[in-house]
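Following this message is one structure expressed as structure tokens.
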Amino acid sequence: MEGLLNYYAADSFLHRLNPTLKLAGLMALVVAVTMAFDPWTPLAFLLLGLFMLRVLARVPVRQFIRPLLLFLVLGALGFISANAFFYTPLPGRPVTILWQAGGVRIILEGIRVGISLTLRMLSIVIFSILFVATTDPTDFVLSLIQQARFPFRLGYGILVAYRFMPMWRTELEIIRAAHRIRGAGERPTLRGRWEQLQRYAVPLLASAIRKSERVAIAMDSKAFGALPRRTYYRDVHVRPVDWAFLAGCVLAAAAIVWGMAQLGLLEGYGVVPEA
Amino acid sequence: MTGERRLGGGWAIILAGALLGIATVVVYWFASQGEGAWVTWSEINAVVLAAMGVAAGAAIASSEEIKRWTTWESILTAVLGGVIGILFWLWGLFWELLEFIKAGIPGYGYAVRDLFYGFWFLAAILVPYIVRRPGAALAAEMVGAIVSALLGSQWGLTVLISGLAQGGLAEVVFALRGYKHYDLPTLIAASAGAALGSWIVDYAFWYNELAVPIVVLMLIARFISAAVLSGWLGKVLSDALAATGALDNTALGRARIQG
Amino acid sequence: MAWIDVRHLTVRYPRAPRPALQDVSFQVERGETLLLLGPSGSGKSTLGLCLAGLIPDSVPAAMQGEVLIAGQDIAALTVGQRTAQVGIVFQDPEAQFCMLTVEDEVAFGLENMALPRDEMELRIRESLGLVGLEECRRERVDRLSGGQKQRLALACALARRPSILFLDEPTANLDPAARFEFFQWLARLRAQQPDTTIIIVEHILDDLITMVDRVMLLNHEGRLVLSGAPAQVFQANGEVLDEMGIWLPQVTALARKLRAAGLPLDRLPLTVDEAEEVFAGLVPAGPLPAEPPRRPAGSTAGGPPALEARRLSFRYRAGGPEVLRDLSLAVPQGAFMALVGPNGAGKTTLALHFVDILRPPAGHVFLFGEDITALTTADITARVGFVFQNPEHQFVERTVEAELAYSLRVRRRPEAEIAQITDTLLASFGLTTYRKMNPFALSQGQKRRLSVATMLAVGQRILILDEPTFGQDRNTAHALMERLQTLHAAGVTILAITHDMQLVADYAGTAAVLVDGQVRFQGTPHALFADEELVAAAELRPPPLVELARRFGLRYGDGTAPLSIREWMGLLQGAPAAGGPAKRG
């Protein structure tokens, strides 16, 4: 499905990595950035992510600019504006009012918090982009099965679901058109919306379930899981470089956090800077 | 699919959860002892770690259980988890608008916003209610989390950890009920388990600097929200689907026809 | 020793009122091609599931009796051994794959056999070659056409080297050109692998019958009633076939009618070639009438067209391909028009403009002469009913009754009136006994009837149908077409988008051909099928009787050929051809 993030088929260092270990490495980076609450640490991770995207993954800018911009706008709308208007300082801390009219005021500290949260979100998002853009979905699932002991039947179920996704989209459009012809107007009341949600959800899900049942029978007819062992046409390997990547990610995360602490910029991790 | 084996699956999940939960706390306790300890002891950290341990233990035992599922059960779980994952993703976009509630009501805005949180446990309730197999809550919630992460979520890959905790604790509730009862109280209890899991992960990652009353109120808000947006909604949606006949070959369909 | 030996097989699904198969016994030799016929619900698919050993492990059902393959009782085999013997191709091209690319999909079935990688490589290449998909090896499965998907399904089955192929309505969801192509590949395969036993379930037999060695017929109760060579089965037991609504090859059906009318035919032809010999002495020497018989027009005539598009152009997104190109088409009041053309020609796109789902610019689409952009949604839906290809997409309520009442309730009609209209519709569409049922739980045929009925509730005078006979068995398709015929006679204007040439030949008064977003032709079905160049451009497959007429050089005065069984009956019996649709079967 044309999601916000899409796989970008290419050959690069990150494309060649084992999906499971790549995921683990990127997870380490994400967790590290999540624990920081200042604006500078996420910025550092964001720059690291951009560097990886361009140099290690060779993903062209137009592939990832859309989701980044979307979350930037979302962050600006949500975090920055909300905090700018409604920031409540810790007791005893002064606030700087930039602009005031009647009861509405814009607070500098609020904007700072908003920017910090937005940067945090963007740096979290960029590692998802890194993963999704460089990982073939089939390889990802096969690697989960082969390396992470993920139950193989469920793994293949995910592939089936993934295959169905574009169909759901077209089907939803057809259902909406069909209901409009029935004279089912989209009513704005809460109750109307709830009923409408059910009207769309039930046919969509019922058809997804029926199709799943047929696929499951078709898979069983090819002896899926019937033998104690199965082989794989695509063998997903683990090489030393995959482990090296994981170690590199952990080291990079530690280095950034340590460096930020040295510079006195770090908040979070139990570190509260002097006021 | 004998009763004996179902019970076995339940015990394995409870046992693995309990063992890993206790083990985590014990390790944490030892690490916090003596001079120059690695970490400092706090009760709330102990609870967080214990819950993560329980969820991880449940996950390990569940993945063994899932290997015994039929193809149809696996595909159905993954497909429903996938659909709900798309809904999770959409809910995430809607969620950003709630930032105004959070920021607009000083302090308690967090709790008010969390009244909408319960939707994120839908997979962990709806799917086990239909499939009724050990591991279904965890598997579905994980698939939902994977799909929403792959589609592009503002919480990125951290939703995988949330999915694990939410699904894992819901799974434990179903296991404690022996995988035999799927009435509304059980579904609500399971959704409360998921709410607890979500709260623990969020506390550890995002909110450990907030005042305690706010954090407690957030947990209560999530319990309420989970009961409605997952427990009740999951049952209503499943029953509406079952009425179409599409679920006739599932545990829910069979249970309905037997009355 | 027979390769397949089925003894007293009875299968019952849980909660089903009666068994799906009852006491079925038969044998199939190695390399034989068997055609399985029967009305829907006669257990044909169930038989395949039994042979492949999927009952009861994957599909819960109680099974009695024995199934022996190569002398071994399959109950004694492991699941792996059982499924290795039988490869199945299912009906739905959208729901039998689990992988994303073609080669992964073929490999899937081989991985399950735990074959080494080299062996998989070899078999992937070989099996894709057998169905002509070598070029698509790395293609994504969802980019394939329906016909290619079914051939891929065949390749997946072949790669596992089964001794038996079970094809469960493999072409029911394909258009006629793709169906023809599928059977061509199957015939080639049969020549290359004479040892493979093929069992095929199919409704439309014209392109298939030459490769069939034997026909087996199951009845409504899941009992085996007939078995034998095709000509023999179709010959001796005509009444049984009629009763079950089995659809014969068109030339065979014609010959049976002739024989029933007392003409001495030494044998029943199955193909156009055979028909050419059998009918040789019967074809009239004199000239045919100047014109083909007219279909009865609808009761109304005159006035502005019911539907009209004037110079309509459309693309789905700016810069995308133009789907409709300066298209003009008028559907007169009381018409029964078939809209045909290749996939992607813009048929559905055009139809959606007639109901304002795709919004035309002002001055381009008219309903009874009124500009559609000046009408409200309520006005439009009160005049035009639109039946989607999949009836489920239209259902909005939880009972059949409420479904029918829905559009009346939306319009706030008085309850008494709603009840009265609902009852009338329930009765006239044969749904009264199901009034409290959930629409999704109905059978395929019932769902289709309900979706048509809901589209008439507010008294719509125009009915647009998208592929009304697609993927349905002949019995339900026929029943539906008869109903449309009745509506048409009562003055309803009908526009049917279709790939079903039988529908065009037997029911449509006029046909319009869309190619590349433009109307290439509008006229009678006779004139359409007479234009060979047009037929090829629109990727149509004319009914076999048209081909037969060409062989005999039979032409009306206006150059068109007789194309329905009714017309041919008239010609060959020497009586003047009567108008009206021919009954199928």
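For this structure, a couple of remarks:
Labels for the chains are A, B and C, by order of writing; each one numbers its residues from 1.
Going forward, a residue touches a chain if its C-beta (ideal position, glycine included) is under 8 Å from a C-beta of that chain, and two chains touch if they have at least 3 such contacts.
Note that this is a predicted model, so its numbers are computed, not measured.
Looking at A-B and B-C, the interface holding more C-beta pairs in contact is that of A-B.
Centroid distances built from C-alpha atoms place C farthest away from chain A. Separating the CA-averaged centres of chain B and chain C is a span of 46 Å. Put simply, the C-alpha centre of chain A and that of chain B have 19 angstrom between them.
Shared interface positions of chain C, i.e. residues touching 2 or more other chains, are given as 58-59, 98, 440.
Within chain B, residues 70-72, 75, 240, 244, 246, 249 each touch two or more of the remaining chains. The set of chain A residues that touch two or more partner chains comprises 137, 156, 160, 162, 202, 206-207, 210, 212, 215-217, 219-220, 224-225. Residues 49, 52, 54, 57-59, 78-80, 83-84, 86-88, 90, 92, 94-101, 103-104, 107-117, 120, 141-142, 156, 160, 352, 355, 357, 377-378, 381, 385-386, 388, 390, 392-396, 406-407, 410-411, 440, 454 of chain C are the ones that touch chain A when the two sit in their complex.
If you check the complex, the residues on chain A that touch chain C are 137-138, 156, 159-160, 162-163, 166-167, 171, 174-175, 177-185, 199, 202-203, 206-207, 210-212, 214-227, 229-235. Of all residues in chain B, those touching chain C in their complex are 70-72, 75, 240, 243-246, 248-249, 254, 257.
Touching chain B in their complex are the following residues of chain A: 1, 3-5, 23, 26-27, 30-31, 34-35, 37, 67, 71, 74-75, 77-79, 82-83, 85-88, 110, 121, 124-125, 127-129, 131-132, 137, 149-154, 156-158, 160-162, 164-165, 168, 198, 201-202, 204-210, 212-213, 215-217, 219-220, 224-225.
Against chain B, in their complex, chain C makes its touches with residues 14-15, 58-60, 98, 398, 438, 440-441.
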